[in-house]
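In what follows, structures are represented as structure tokens.
Two complexes, one shared chain (subunit A), two partners (subunit B, subunit C).
Our next item is the complex of A and B:
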């Protein structure tokens, strides 16, 4: 056995560890809720992709704006065409870091409070965000991450005409739920 | 004159109520712009995401017909079923969402199927591997 063959596995160990620490979902859930005395607006997206590297804390989300489903077609059309301009800005993304949980916690069942900090890109406009969430590890090792936080449309350059301003909340409540699987 | 005004008002109200309560249509009600395999669809998005988005997502109501082998079936939230079609790329698939009521009960992993769906784009970005997403899918014979 030459030196290269002998030591190659040692170089591969960090790569293997990195892969083992990565979790992913392709069916993450993001919903938003706008409540005003005139109208409630809800929409859900079950096609959110997310990768979480538990070793570094790096966390990313990507979702297609057109994948948000509304109960009413008219609301969905206004959302895509008039507000989100989803043909021009087809995706919303988050890139940041999740902290407050490590390999020890992931190895045992429990619910852990975590903090998430990063940048949301929505409607082509980046905005820093810092919020709290929970990561739940069940007895079988399944991992679910959840968080709820507000987004203000104006912060992302989303213009709402005065005529409908009273029908859309100034701060939209966003709920995130990710059931991660090991990559 | 008054009767005419009442009729116009009634017609406008009926149209308004119907329009307000209209539900999003399934792919069955849309015209298909292409018929291709899941492998071909993913390849086009990987080669040029912007061009594929313009072609398959478009800016008007349209749908695509896709043929492929089922890699995985996943029920989400008891409301929708996601079928991932095989693409030969383990990090990327064609993800097809059905309303629970529209999902054929006899579809199993490995079976080759044909479906019609509304293409919403490609999710991949950064370290995230992507899927081409089809929604409000219906099975085709």
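Our next item is the complex of A and C:
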């Protein structure tokens, strides 16, 4: 047996290990609610991409602003044109870390409270966030991660004119639900 | 041995990069995105008098109040035109995102009109390559004036019902060139079943250009010009030129403008504009658009 065949598998093992710890989705769900006495605004996006590296805890999200669907067509147009300026800033992203769960927990069914910390880039403006979420592992090993947290438009340089100030909440509730699959 | 070493090095480098690189999504590679269509080339479905390349959204009802005061050159006696006014009230509805229909009633010649507008092509921002939006508008109007008041009245002419009807077909080819600037070219024809004299053509061929320049997020400057090919209309009819501002406030769009056209349906503003800008025959006017979401289309669940 020559050196080549002897050592080749050794180099492949770490590669395989890294890949196994990673989870991803391209159909993640993000929705938001703005609630004021005058108007409720809801929108959802079912095309969110996310990758979670369970080994390092690294977590990322990326979504197209234009993919948010509203009930009212005009709201969607205003959202893109007047507030998010989605032609200039087409994507919203998150980069950070998810902690509070390890390989042992992922191996057995259950719901685990985790904490998430990182940076949201929205409307071209970065803002660090810290929130809690849950990771649910079902009997078949399927992994779902959820979280709910507020975003304040003014933190991201989104100006809301006085005329509609009373129709848009100061803190907008964002809900995230990701059904991950192994990479 | 050499290739093996190379592989070993590459392998180690990959493991390293996989751990060190913080751009996880970047490693997935770009997915071919679903088509993303350009939106909001104009604030509303009309530039001023003419149709823009925009449609009302699916399930959206748009109530439109169009108003033209008298000619500004009426002077102080006429309070610079503000004493007189003509109105078109209309309802537009988005049957789908591509098809809209509308009806209206104008004080000008007591006319009722209706139209359908279909967007065949939509300008694409990502995931496809269509550079322009193409729409077709088919409109029809009918005057309800008493028989002896129609413009083509003469004693020995029978007042057939069909005499009162005219049609207009317009093709809209437009593009949102940037966030701020949109432009469209609209060739078209107005067919009038009956005209006043043999100097008038029944089929009036015209081409118009219309543009908008966004000044702020909620204010835009619009202009449109209808050029009627020569020799089709008597000399005293002018080409329609309108300039105005769009102001957007939530569910309303206010359009304030100056125009030399009095009527607000195709036959009137394309073939029956008598105002001459150089004489000060200019109307101040406004359109108000108020939208109501009357039906929420089901979105496909992914």
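Brief remarks on what is shown
Just so we're on the same page, the second predicted complex is superposed on the first by the 182 of 183 C-alpha atoms of A that agree within 3 Å, B and C clash if a C-alpha of one lies under 4 Å from a C-alpha of the other, contacts with A are read in each partner's own complex, and residues count from 1 in each chain.
Keep this in mind: contacts are C-beta pairs under 8 Å (C-beta built on N, C-alpha and C of every residue); 3 or more make two chains touch, one makes a residue touch a chain.
Every value quoted in this text rests on a predicted model; they were computed, and no experiment measured them.
For the composite obtained by overlaying on subunit A, subunit B and subunit C cannot both be accommodated without a clash. When the two complexes are overlaid on their common chain A, residue A:63 makes contact with subunit B while staying clear of subunit C. Of the two partner chains, subunit B is the only one that A:91 touches; subunit C does not reach it. Once the two complexes are laid over each other on the shared chain, residue contacts for A:167 go to subunit C alone; subunit B is not touched.
Of the two partner chains placed around the shared chain by superposition, subunit C is the only one that A:82 touches, whereas subunit B remains out of contact. When the two complexes are overlaid on their common chain A, residue A:72 makes contact with subunit B and with subunit C alike.
The larger set of touched subunit A residues comes from C, when the choice is between subunit B and subunit C. Across the options 9-17, 27-35 or 153-161, subunit C meets subunit B in a clash only at 27-35, per the superposition defined above. Residues 24, 26-27, 46-47, 49-51, 53, 58, 60-62, 64, 66-67, 69, 71-74, 76, 87, 90, 93, 95 of subunit A lie at the contact with subunit B in one complex and at the contact with subunit C in the other.
Note for the complex: subunit B touches subunit A at residues 19-25, 53, 57, 59, 74, 76-77, 79-80, 82, 84, 93, 95, 97, 120-121, 123-131, 133, 135. Within the complex, the subunit A residues that touch subunit C are 3-4, 7-8, 11-12, 14-15, 18, 22, 24, 26-27, 46-47, 49-51, 53, 56, 58, 60-62, 64, 66-67, 69, 71-74, 76-78, 80-82, 85, 87-88, 90, 93, 95, 161, 163-164, 167. Touching subunit B in their complex are the following residues of subunit A: 24, 26-27, 29, 46-51, 53, 58, 60-64, 66-67, 69-74, 76, 87, 90-91, 93, 95. Against subunit A, in their complex, subunit C makes its touches with residues 1, 4, 7-8, 11-12, 14-15, 18-19, 22-25, 27-28, 31, 33-34, 36, 39-40, 56-60, 94, 125-126, 179, 217-218, 248-251, 291, 293, 296, 299, 301-302.
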